Structures are given as C-alpha cells and as structure tokens.
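First up is the structure itself, then whatever we jot down about it.
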Amino acid sequence: MWLVRPAQPGDLNDILDIAGGQGPRMSSTLPKKQDALAAKIEQSARSFAGTNNASEARRFLFVLEDTGSGRVQGVSGIDARAGNGQPFYNYRQDALIHASHELGVSRRVEVLYPSHALTDHTLLCSFTIRPELRGTDAFELLSRARMLFIAAHRELFTDQIVVEIQGVQTENGDVPFWDSLGRHFFNMDFETADQYSGLLSKTFIAELMPPNPIYVTLLSQAAREALGQPHPQTRATFELLQHEGFHSGCYLDIFDAGPVLEARTDTLKSVVTSHPKILHAANTDDGEPCLVSGGEGERFRCTLTALTESLGDEVRVPVKTWNCLGRSSGDEVRITPL
Amino acid sequence: MWLVRPAQPGDLNDILDIAGGQGPRMSSTLPKKQDALAAKIEQSARSFAGTNNASEARRFLFVLEDTGSGRVQGVSGIDARAGNGQPFYNYRQDALIHASHELGVSRRVEVLYPSHALTDHTLLCSFTIRPELRGTDAFELLSRARMLFIAAHRELFTDQIVVEIQGVQTENGDVPFWDSLGRHFFNMDFETADQYSGLLSKTFIAELMPPNPIYVTLLSQAAREALGQPHPQTRATFELLQHEGFHSGCYLDIFDAGPVLEARTDTLKSVVTSHPKILHAANTDDGEPCLVSGGEGERFRCTLTALTESLGDEVRVPVKTWNCLGRSSGDEVRITPL
Amino acid sequence: MLLIRPLQENDLDALYAMAQGAGKGLTTLPADRELLQKKIDHARETFNQRCAPEAGLYLFALEDTELKQCVGISGIQARVGLDEVFYNYRLSVTVNASRELGVHVRTPTLHLSNDMTDTTEICSLLLSGSHRGGGTGLLLSRCRFMYLDDFRKHFSEKVFAEMRGVSDGNGQSPLWDALGSKFFDMEFSEADVLSGLGNKSFIAELMPKYPIYLPMLPDAARAVIGRVHENTAPALNMLQAEGFNFNGMVDIFDGGPVVEAFIHNIRTVREGINRHVMIRKTPLDLNVPAEDQVMISNRSFRDFRVTTIPAGCIGLDTVSIPAEVAGALEVESGDLVRLAPLKDTGRR
Amino acid sequence: MLLIRPLQENDLDALYAMAQGAGKGLTTLPADRELLQKKIDHARETFNQRCAPEAGLYLFALEDTELKQCVGISGIQARVGLDEVFYNYRLSVTVNASRELGVHVRTPTLHLSNDMTDTTEICSLLLSGSHRGGGTGLLLSRCRFMYLDDFRKHFSEKVFAEMRGVSDGNGQSPLWDALGSKFFDMEFSEADVLSGLGNKSFIAELMPKYPIYLPMLPDAARAVIGRVHENTAPALNMLQAEGFNFNGMVDIFDGGPVVEAFIHNIRTVREGINRHVMIRKTPLDLNVPAEDQVMISNRSFRDFRVTTIPAGCIGLDTVSIPAEVAGALEVESGDLVRLAPLKDTGRR
C-alpha cells in the first residue's frame, strides 16, 4: 500500500536518492547534501511534534512510502510561512498603459515588479517523486495528503496558500528567463542560483537582484514567452493543483518565471470535501477510491483506500487501511474522493 | 414612484442642480459646467442607443426620477471601460520585506506603485443623490439599477467591475493624502486637480504624477491613516456595495487614497439573483419589496415594486409598476429583492 | 570678410535654404518657414531684451560681407527645461555584490533624468556647404564662448552641448531600435522631429520611467551609448579641445553624449584678452592661415559682432585693425575689444 | 620637524590613542586595536606592492621627529566599491510639467547610486589635538595630492572625498531621523559604524531602492542635504581651494556632500615643480610662517616622505636644503624632489 507520513531520520538515504535523481529544479527546496537534508528532516520532525522554539519556522516534510518494500518513493512539503522568516521573493507581472492623447497612441507596457507580497503565506513545496509514479494515484496521494494535513491542522496555516511551479527550461537545461535577466546580475548559472536559493539565507537575493522593476519588452523573446508558463514536466502537478482550486495569479518565480499558483485555504477542494468521520470496518476491498487520513502531528498518516459506505458521520473502510493509518474502529479520520 | 431611467437632454438643469449641491468630490466625474454636462448626456444617449462610433467610449448615465413631480433627484453612471480609452490611474498598495539576515531585523515596507491595472474594467461612477435620500430605498434603487442594467446587457461589460469610493477629507476640505503627496507635484489644490481629472484628458496626470513608487513611511501620519479609508459620508454607499459583493483590494485613488472596490461581474448579488421573468399582473400592492427592471438600451427602466408572487418564470407585480417601466403583461423583466 | 552678428529678419530665406540643404537630423532647425520665422523673432526679442533672460535664445548669423548673405548660424539657449521638460538618460552604474558568494557585478544602467534643467545649451550650429573649411566652423562655434564670457550673468555657470548620436545611412539608430521603438509607436525620425518641435508631453506619456539595465539591450545598442555620429566627431573634438567633457548624460533617443564645461574653464574664455582699438592706416592682408588668425569681438550685447584678424595685429595694450574691420565690428578707435586665438595654440 | 611618511607597524599605539580622542564620527578609524592593526597591515602591503593596485590603501603618518611619534594620519583608498558596494544618493531633479495647465514643477529627488565605484577616495584624516594649527593640517591633507600626482597610474583620473554631514550635539542627524531611521531599525551611530566596518550587505537589504522625493521630507532634513558639519567646514574650504567641487552625491545616512576633482586640476598638482636637491652648508631657520613654506616630497612610492621648507630655498633648477631635511627625506644631493606651496598663493 501507499502511505504518506512525516519524514523521519531513517528516510535520509531514500530521500537523497530521490532528490539526486531529479532534474535541477525539482529539488530546489530539497537539499542534495546529506547534512543539509538531515537538518531539514529534523526541523520537520520538530514541526510535526510542535517542539519548535518560537523563532524557528515550521516546515513539514512528508514521504510517500511503499509499505510493501518499506522504501520511500516520494517527498512533499509544506512551509507554514513562505520565506520562513525571511522575505519570499517573486516578480509581480503588471501592466502600465503608456498613452499619448495628442498622438492618439496607446501601448500596454508590461512590467515585472519585485514583490514580497506572498511572504508568510503557507507554501506547498519540495514535491519530488520517482518519475515512473508521475500521474498515478500515488502521485495524487503524495500531493493531496498535504491538503488533508492542512484541513486537520488548520490553525497552523494561513488563509492564503501558494505553490511555485517550475518554469520553462530547454532540453539542454537552459532557462530562457534566467539567461535574459538573472544571469546578468547574479553572474552564475541557473542551477547554481537555484541551489543557493534552497540552501542559503535570502540575503544573496537582496544583494544581487536588480533593485528596480523590469520592462518585459526588453527581455528576449524566449524569456517573454516563458513568463508564467509551467515546465511541460509539471503538467500533472499543475492540473492536479488546478483541480484542487489553485489558479495562476500575477506572481512569477524570480529565477525561471514559472507561475505561482494561489488559492484560498478554506476553498481547497480537499479541505472543503474532507469532513471528520468515525472509522468503521468494511468487509470488502471494493468501493469508491478515496484518500483517507488520520492522526495528529507526528502521528499523521494518509493513504489510499476503498470506501464501501459513508453514512452520516461514519465511514467504512477495509481493516488493512486502519493498520496502515495506525487507527482503529471509532477513531476520527478524514476522507476525500480521489 | 421612484424610477431609474437613462438620462435625457431635458434632465440637464436638474442634474446641474444636484451636481452643484454636492461636496467637491462627489461630483468628480459629473461636470458642473453646462456644456460639459450636456455633452456627457449626449454621449450617454448614444451609448444607450448603441449609436457610438467605434472609437467612442460607452458611458451610461442614469437618473433617479420622482414620477410624481417629474423631477430628477439623483444620478448614477457606468463607464463600460474605465479610462474610456485612456489609462485609468490608481496606486497599488503593496509591501516589500526589508530584512537583514546578519542583523536579524525585518521590516515591512509599504510601497504605493503607480498602476493602470484597472484600465478597461467596467467602472461604476458618477453616483450623486440629494442628501436627504441617502440610505433610503431610492438610494439603493439608484445604485443597484446599474447592476440590473449590466445583468441585462452583460456583453457590453467586462468580467471585473470596479468603483472608486471617496477618500478621507477633513471638515475644512483638506485632503491629507493629497497634501502629503499630490500637491507637491501637481502644484494645485485637491479640488482643482479633481475637477481637471473629470474634465480633461488624462495627459496631465501622466505629465505631473511622480513617476516612481512612493514609500508610505514618508507620507504624513494623517496621509498614512487615510490610505484605503472611505469618507464617512460614503458609509451607506460603501455598505451597499459590500453587500453587492464588492470588496476593497489593493488599489487606491491617486488623489485622495480612497479605496477602489472590486468585484467579479458575474458574482454581483444583483446579477446572480436577477433572472429574467415574465411579467403578470398582481391585484394588490402588498408583497415583498423588490427592484424590477425591464427594457433594452435606451428603453431601460428600473423601479421599486411589491412582488406578490413569483412562480417558475412568472412574476406578479402591480400594474402601476408596469406603467412605470413601460412594460406590459408577457414582457420580460428582471426582479431582485431589496 | 566673414562676420558674426545677431540673426536678423532678412535672414529667413538664407536660413530656410540652409535648413533644406541640411536634411534631417538637425531637429532644432527644421526646414519650415513658419518655425524659422518664430526662431528669428525669438532671437530678436532676446537681443533687444524684450524677453526674460532665462527664456533667451541667442542666434548668431555668419555673414559673408561680400555676398551680403547669411551663410551659417549658431545659437545659445539661455536655459533649457523651463518651458518644456528636458530629458536625458544618465549613464550610471548599479553594483550588486554578495560577499558570501564572492560575486561582484557592475551593471551599466540608464536613469531617466531632468538634471540638465536650467542649464545653458549651445545649439543650432549650421554652416553652408560653400563655406566649410579654413576655420569658418571654428569661428561660428567659438564666437558663442566669447559671448558667454562677456555676459555671464545671463547664463548658467556650466554650459552643455548635445552631440548627435550614431545612426546608419538610412537614419536608423541602434539605440532607438532596441529601446525607444519598444515604447514609442513611431519611427526614430518622427520622434526626433516631435521632440525638436518642443512639445514633449508625449515623452512624459510614453517614456519608460524605471531604469534600463544595459545588459538587457543588444550589443549594437549598447555600443552606441555615449558615442557620436561620425559626422559629428569633428565638432566633438573641437569642444573637447575647448575643455568640454562628457558628463554622463546621453540623448534618450539615439544615445548621443552630452558634453559640458564651466564657462570659466572654456579655452576661448581662458585665453581671451582685452585690447583697445587702434585704426591702422597701413594696408593689411586679412587672408592669413587659420593658425595665425584671432577672433575679435566688439563685446556688444545687442549687436554682437565677431570677425577674425591676423594675430600680428595685437600689441601690448592695443590692437591695430583696418578701418573696414572696425566698420564691420562697429567699433571706433579706443574702444575695448576682446580677442582670442581661432585655433588651438597648444599653450595649455 | 614634521614629517610625512608611510604608516608603520609601531604606529599602532599612537593611532589607537588618536582614534580614542576623536570619538565617534570618524567611522573609517574606529578605536579598535584589531581593526587598526588590520589597516596598518593593509597599508604596509600596499606600499610594498604586495596587493593589487586597485585594492591599495595608502596611509600616511605625520611624525613629529623630535617626539619620534605619529601625531596624525591621512589616507588614500585606491578604489572604492570593488570589494563591497559603495552607496551614495545622487541629488537629482525630477521635472513635471503640463503645458495645458501651465504647471511646471521641479522636485529635488535622491536616487540611490553606486556611481563612485572604482574611484579613488581621499580619507581617514586625523590630526592629534596637540599639533593643530600652523598649516600642519594642510601638510597632512595635501601631501596626498603630491603622491597622487607622482603615481597617477595607480589611481583613477578623478578623486573624491566624502564630507561629514550635519548632526547635532548628541550625534543626531536630521536626515537620518527623517529617512534612514524609517528603513533601518537602529541608531544613526550604529548604522554609521556598521557601514564603516565595510560589510555593507545590510544596506542592500534594508535600503529603499526607489527614488526619494525631497518635498516629502521635513524641512530640517531637506536643509542638511549636501551640507557639511560645522567642524568639517574648514576641511571643505581647503578642498574647494584645491579645486574640488560638489559632484551632486551625498552620504546616504547624513546627507554630507561628496566633493571631487580631476587629479590634473588639483592646485597642489598644478603648482608642483621639480628641483634637484642641493645640500646647503649654511644654517637655515626652518621656522617660517606657513605662508612662506613649501612642501617638499622625495617622490618615493615605497617610502614616500614630505616635509616643509622655506620657499626661499627654491632656486632656478635646484632647491637647497639642510642636511637634516635631506636626511629626513632620505634624499641626497642631485636627487629630484617635488615642491608645492603649502598655502594658497592666490596665483590662480
């Protein structure tokens, strides 16, 4: 069975294996270095256990476990507050109208403004999964388990929720937006900047980012075309998130101009549809495929199940699902359809 | 009875009378000069009749008529496209986070960006009513008749709809935001600038407005406190619009920093609740108080009525309401509760 | 004799012919009779002190006294940017550095600037093709420095000149193609003409207000920023020899440089000397090489006149000039005149 | 005798004592032994050419040869802004005008600028209280211009100095109160010290990046922009007399002005002359009024020395100096030395 649960120190090597196997961008908030990753897992464990001190940001890391093999096959995360106490950088795409009454001309002038407006919004991040699982139910489970966690721990998260989608990259790894803009100021290639962004404090962005707004018309054509466009490989993620209720707004990633998706937390499909129910046993494995989650904090678990019956406040699922969740009859769980 | 209908040339003197009786700001898009106002009424008539040429902006002007006296007691308007072919200026209030990792300090720095993002959105404007009618049913009729017009002529309007609310002004007419910012650049008092804004092309704003973003912290305290605050006199309007589904966003008036309310056209309460119905006669004057509108373009009328029965596609209202609307049995009308 | 004097009413035809011959590119003197007439009127009012000093437009004609015709023109605008808005880009540098990452990047940046506002500009130089060479251009240009020197209170401490930027044979400007054309929905020549006509509100309306980072422009555009058109190189050399320096400002359309100098530092001003006129009886060959000529001015505000004489005429306290020269300058024996070498003497 | 020479290892104690006496305000020389030691090391490496020319920090000591003690210091930083980011505000003007409405408004505006990057700065002047007056300050400051003159290829064409801005008796700066304090969550003195220590990333992080329109600041803040602290007025006068001019840049914290000059235009440079040394046998009273003194330098890059002698010592091709002066300068008969008047001779 597929199980999503909080990451644990013992997952370190499995996660490193997955993180290393991705393209450069997929792992942006998932360090490839062992000590950095271990620290991140520890911070996550404190976040789940609620033992962070006041100044430490809450950052949750989930893993997708194949309970048969016990191997971890994917990772996903939530930062309770984007930026984790530092500014969270984006470009905001806006337009000015340059019009001359006397000459009778009018032009729409697109401008990218440096913005921190999404700082402190809850951020979905670190989504990484083995390529062969992309688009499967396990993929959906790994992503949406986070929404169920948020639904069950609503007070830890903000009213707005955002997620950055990887932007356009050519087959040989070039990032047109970076090449047209960031490269001139950061004087490094995209992958290096992206790694620093995951590892270092954001001071280097404040220091190196161009301080003034950028006119879109002065970007290269390839860069202009990449604005707000998701990387083709993120199609499944993108569609899943749209289905959850996320939409593209005017915010872009500062490095690759990928879209930032936004949603109101309380209108997320998984949050709206997943009401707490009391767990009961089902006799069969048949039924409607569902996500089911249970447990607080570090005991949070989420898996896929067949739902045989749901009446009032009660649900019936197979007992193996109970075991997987570590729950038993009469416990409270959340259910939402796949 | 109270009737809202398209403004006609014969309303000129009544409107002038009302426009002159307002404080400086209420009349911002309603000229006080006879020829300018006459031109505006003519443009409105062409807009209702659909006889504008392609380059002329569609601007609709409605009047509130007391059918007993035949006198006009209020005016309201819709610009199909804010800016009417020119840029529509606002400030967009946003925040940057200035944080030093090394020093461990973090500051939220509010910035006002010049913005034209609302250009070409449908704009509710020119709302002016005799003070004694403020807050009455006639007041609601005058304002909401516009939403019914929009519902009936949806294709003429955009998906987003905005309305500017007058900002803070002291009892002696000073505008704190203007005094702290605009005055330095426009070198004129608020009332003059406001009048120019209604009368002239927006070239003067492009010419005189400070070209760069403004740091809020450098404004006077009174100006900072006025950001996004409605004038107390606009309370009734503000609440009515909120009830319709408008909300304050991040846009402010460039002169007085009054809030710009925004809504999605298709979710406006009057638009959502007013379905076309077939008109039938009621025998009594009793019933639920409602707004009822009928007629296309220049024949548009809207009034208050008692609704005795509404079954399926049919509604029953008193015959005097038919007369007021210029409709008869079997005609299509729109009904929405007060 | 070649004589500098204030532009006059009857110079219109000659001026129009010159403007026609100059073609595009000289936007301050378009081939438009009505506009040229206005310029002449403005200059007449200036010399007669019937307009405010800061509104002054001083236009000088170069007259060939044999032909009795104006064959060149040059001008001084007392102050720019008071009536309209005067725009330049300032070529500046943005430095971004991270000590942690060992990165230090300097990004040349154009900032929209009005900083030349209220400064005196030398402008409108135009010389008929028939009279080029032999130091005539020098006389036409440098006579202005003698005027600035003698009437300093009418001008700012610094003066500047805008130099024509790089464009190709078809009048296409690489900077315009890369930058201006993205914001102005028109041809370079059209923008240039509109701008020259003085009503610049279209610039306020259409111009990008935020800084332009140069690495985002193509090489061809970056290469011409601060560079002059090849035809303008001699004029730039002349001004540099006079002590003018690039001040970091460039034209917003073609990127041509602005050069400036403090009046007191201009070579013509520094090397100027005063002498009393002595009318000589002995004949004098005025036709000496440019190297041996000195400019001589009558120091008159309303009827400023300058011509050249051989350097040998200068004495210890006096200058001895033929009656015809004195007549042309409208000076008499004993009058104080000012002299300055026409060409660089290398004395510096 | 008062002698200028490169700062040395054993000057640390004297330097620390002076820094302590100077109190706050001299942020480039804080009373911190470790930091001062670093400065000395840096200077030693510079004079011994063990660091890149553009990283050079030239620190000169003023030694009282009787006391055998350093009583003053002055410096040249070869280039600013190469290691960290060097910030100023540029005082600029924004013009907004509407011809239609007859409105024309000039708004003074501060633009954040890094334009002094890669320029040579004269800095770190500090003179012990016991030795003020009698032209000692002039010697300490102007000896640097003799050095710049002789080793131009190590420096930029222009040099600049940042002048301390206005603050009150309690060290409060009106500009800081109105502007900096709104963005930096600290005291003026703290920001000033942090900035002086060289790691300026906090400025990049906290500084407002968009222009500041001055009418939005209170009068008290506007009044001090480009003005110097009253204690700094004499230093400003001296630099102006040397040919330095305000270049439109001001300090981002206190608004103090930046003044700059082309090296070739600095008076000390312009008035410098070379002479061959002649050791005189006849005694000479070195104690003449400052007006009659000239500075004499040995023109040595590694062991630069300057002192003053009476102007009367200067001959047509030679300068005749007592053996003790030659010894102090480490020159011998026949060596070429450079001379420049200590005080303004009014020859200009």
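Read from first to last, the chains carry the letters A, B, C and D; within each, the first residue is number 1.
Here, a residue touches a chain if its C-beta (ideal position, glycine included) is under 8 Å from a C-beta of that chain, and two chains touch if they have at least 3 such contacts.
Bear in mind the structure is a predicted one, so any value in this text is a computation, not a measurement.
C-beta contact counts were set side by side for B-D and A-D; B-D has more.
The greatest centre-to-centre distance from chain B, using averaged C-alpha positions, is reached by D.
The mean-CA centres of chain A and chain B are about 40 angstrom from one another, to the nearest whole unit. Taking each chain's centre as the mean of its C-alpha atoms, chain B lies 62 Å from chain D. Between the Cα centres of chain A and chain D there is a gap of 55 Å. Taking the mean of the C-alpha atoms as each chain's centre, chain C and chain D sit 37 Å apart.
For chain D, the set of residues touching two or more other chains reads 85, 94, 96-98, 100, 199, 201, 204-205, 210. Residue positions of chain B touching 2 or more other chains, listed in rising order: 98-102, 203, 206-207, 211-212.
Put simply, chain A touches chain B in their complex at residues 83, 85-88, 92, 94-102, 106, 113-117, 119, 201-203, 206.
Residues of chain A that touch chain C in their complex: 98-103, 105, 107, 109, 111, 180-181, 184-188, 196, 200, 203-204, 207-215, 217-219.
Residues of chain D touching chain C in their complex: 81-86, 90, 92-100, 104, 106, 111, 113-115, 117-118, 199, 201, 204, 248.
Across the interface of their complex, chain D is touched by residues 203, 206-207, 211-212 of chain A.
Residue ranges of chain D in contact with chain B, taken from their complex: 94, 96-98, 100-101, 103, 105, 107, 179, 182-183, 185-186, 194, 199, 201-202, 205-208, 210-213, 215-217.
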